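Going in written order, the chains are labelled A, B, C, D and E, and every chain counts its residues from 1.
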Amino acid sequence: MKKIGIADTSFARYDMGKSAIDELKSNSTGFKIIRYTVPGIKDLPVACKKLFDEQSCDIVIALGMPGGKPIDKQCAHEASTGLIQTQLMTNKHIIEVFVHEDEAKDEKELAWLADQRSREHAINCLDLLFNPDKLQKNAGKGLRQGYEDAGPIKG
Amino acid sequence: MKKIGIADTSFARYDMGKSAIDELKSNSTGFKIIRYTVPGIKDLPVACKKLFDEQSCDIVIALGMPGGKPIDKQCAHEASTGLIQTQLMTNKHIIEVFVHEDEAKDEKELAWLADQRSREHAINCLDLLFNPDKLQKNAGKGLRQGYEDAGPIKG
Amino acid sequence: MKKIGIADTSFARYDMGKSAIDELKSNSTGFKIIRYTVPGIKDLPVACKKLFDEQSCDIVIALGMPGGKPIDKQCAHEASTGLIQTQLMTNKHIIEVFVHEDEAKDEKELAWLADQRSREHAINCLDLLFNPDKLQKNAGKGLRQGYEDAGPIKG
Amino acid sequence: MKKIGIADTSFARYDMGKSAIDELKSNSTGFKIIRYTVPGIKDLPVACKKLFDEQSCDIVIALGMPGGKPIDKQCAHEASTGLIQTQLMTNKHIIEVFVHEDEAKDEKELAWLADQRSREHAINCLDLLFNPDKLQKNAGKGLRQGYEDAGPIKG
Amino acid sequence: MKKIGIADTSFARYDMGKSAIDELKSNSTGFKIIRYTVPGIKDLPVACKKLFDEQSCDIVIALGMPGGKPIDKQCAHEASTGLIQTQLMTNKHIIEVFVHEDEAKDEKELAWLADQRSREHAINCLDLLFNPDKLQKNAGKGLRQGYEDAGPIKG
């Protein structure tokens, strides 16, 4: 049975891990979920590494909500760099789901965005694991997670 | 027989992978193409790593279309850094073909650019694989992919 | 018995290591503390690496106070990147506790912040080591270390 | 016999590799040159890695001409980071010779600069390989490659 | 007997390596110094790596003087990142001593700063090697190298 890791944070202001888990369970079966919560996004790379190496996960969804200040942007950059490094060390995918606090106009929209993006990326996770042909069919389609799709451009 | 990997995204708004594959097939034979589509450009480094390690590719063309916002530029930077790291871990070339959404004046030009750059880099891929002497002959010639060549400067 | 490493600096203007150690000892037992002080934050990554490899630490708290100038921000970025790399090389957590000199309005608040953040992260360290369920219960709760919690947002 | 690698690009607008090779041959003997031309500067790190691992080079000169736009600066940063990583993986020197298009006031000066910097770094390459004492004698002398030396400061 | 590496550059406009060596010898005995001069700061990471791997150094002092332009700042960032990576690969300390050309108001002060910072970091090097307890005693004391200490803040 496949194992899906969920790495999330107590820093985030919305329980994105819960949304992702709910979406995973609503759409598929035949996998086990292992959740690991850490303080902040810079703790996510090693959390994912441990989920792969110590818990034998096949893929991990890493969820976080960077704040809106310059230092938060830098933390997100450092975390993302570490997540890519982790993937290269393990040959496994990590679906990064970051919602920046300044992406939404108010708290209500921010909560909606955090839920929606987590759910749509949960589907990407399932597709990478069980359904890679669906992703290939969508190549170049301008898909987005959270807000509406940009769509393909016409030549 | 050589294996050429095509790593592309569903985030891109143009099917750059298709352009690259079409150009490869129009110009050469004696290779097999393996395509792997992932959600976004930050998923490309591990996609390429898997194409090398699990599919025995000899070279990979990685195609993506970063958006025009600062966060998109940062994602492109993180992806590029990961693509270079992947190459150093495998001793294989990855031809990065990124088209930034703000490089063109409108959607029509953007589609043209995405197609054209993918095709010209497909030729670079074939040259690296089968025809390194042609690249050496072009050293210092100011070649560009997509828009017209800058050309050599005169002393 | 678990070993907790404390890596700190002589550059910092507050003895954050002392605060962290005091908090650790006030809240738990059954662990040994190994302290290693280096000149500046860029010396912290290898200090942590040595605490893991040569002192068999199970986790490290890395404490530092970057100055307020652009060059200091860059040093902090380089140090953070190294700390993440160290974690990926060792599969162990490093709790980074950085207090930037321009985060507080005066020296008194800065001292309070340095003490408070060190203490709250010491608790995170204990939770990661002995009490991961508590962290999971706090997923998405908008917790902060130092200043007051941002709290969860409502949808 | 020592092997010197020359890694250069078809993106560059001046044949810097030719200048470097000419200078190497004019100043020394007892080495073999292996040239490898790739499309752009981001292809240089793996080109150098292959020159070390597959061609047994003892040192490599990596030459490139980043454009003047912000994206070009970022590419140069990514390439440089990769070149440093390559050196650490191989314990061999790479002499990076980058000429930025906005360093010169016109094309004529740019061509002169590209030629001159390539030649002066070719000498550095020979010194690292055959004559390290000369470099040590020049420690702190404010040497530059291309434009005139800054020279030592007086206390 | 311990071996201390000195890695410096011909780009620097002051012989910082000489200052560091003089200070080391004035303050301690029982170690051997191995000096390695390279062209610029981006050559320092592999120089340090070679001092550890090929010369069996126990610690290295890496000295350089980045210029005042944006490109120089970027070079310093790349060099620093490489120096941290080197330390993580070897589990040995590198004391980075960089003096930025725009840190001083004139050449005379710059020369003084380069000399003074090199000397104070030479003492840090000796303390890391022979006297770690002294560093721990100074934790949180706001020490600086070159200009005067910032000192501890009061709560």
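Going forward, a contact is a pair of C-beta atoms (placed from the backbone, for glycine too) under 8 Å apart; a residue touches a chain by one contact, two chains touch by 3 or more.
The shown structure was predicted, so the numbers you read here are calculated from the model rather than taken from an experiment.
Under the contact definition, subunit A and subunit D share the contacting chains B. Counting every residue number used by either copy at the subunit D-subunit E contact, under half are found in both chains.
Put simply, the C-alpha centre of subunit A and that of subunit C have 25 angstrom between them.
Separating the centre of subunit B from that of subunit E, both taken as means of CA atoms, is a distance of 41 Å. Residues of subunit A in contact with two or more other chains: 81, 85. Taken chain by chain, the contacts form a single closed ring in which each chain touches exactly two others.
All chains join into a single ring; listed from subunit A onward through subunit B, they run A, B, D, E, C. Against subunit C, in their complex, subunit E makes its touches with residues 73, 77, 80-81, 83-85, 87-88, 91-96, 100, 121, 124, 128, 132, 135-136, 138-145, 150-155. Within the complex formed with subunit A, the residues of subunit B that make contact are 8-18, 35-39, 42-43, 45-46, 49-50, 53-54, 67, 71, 74-75, 78-79, 81-82, 85-86, 89, 107-108, 110-112, 114-115.
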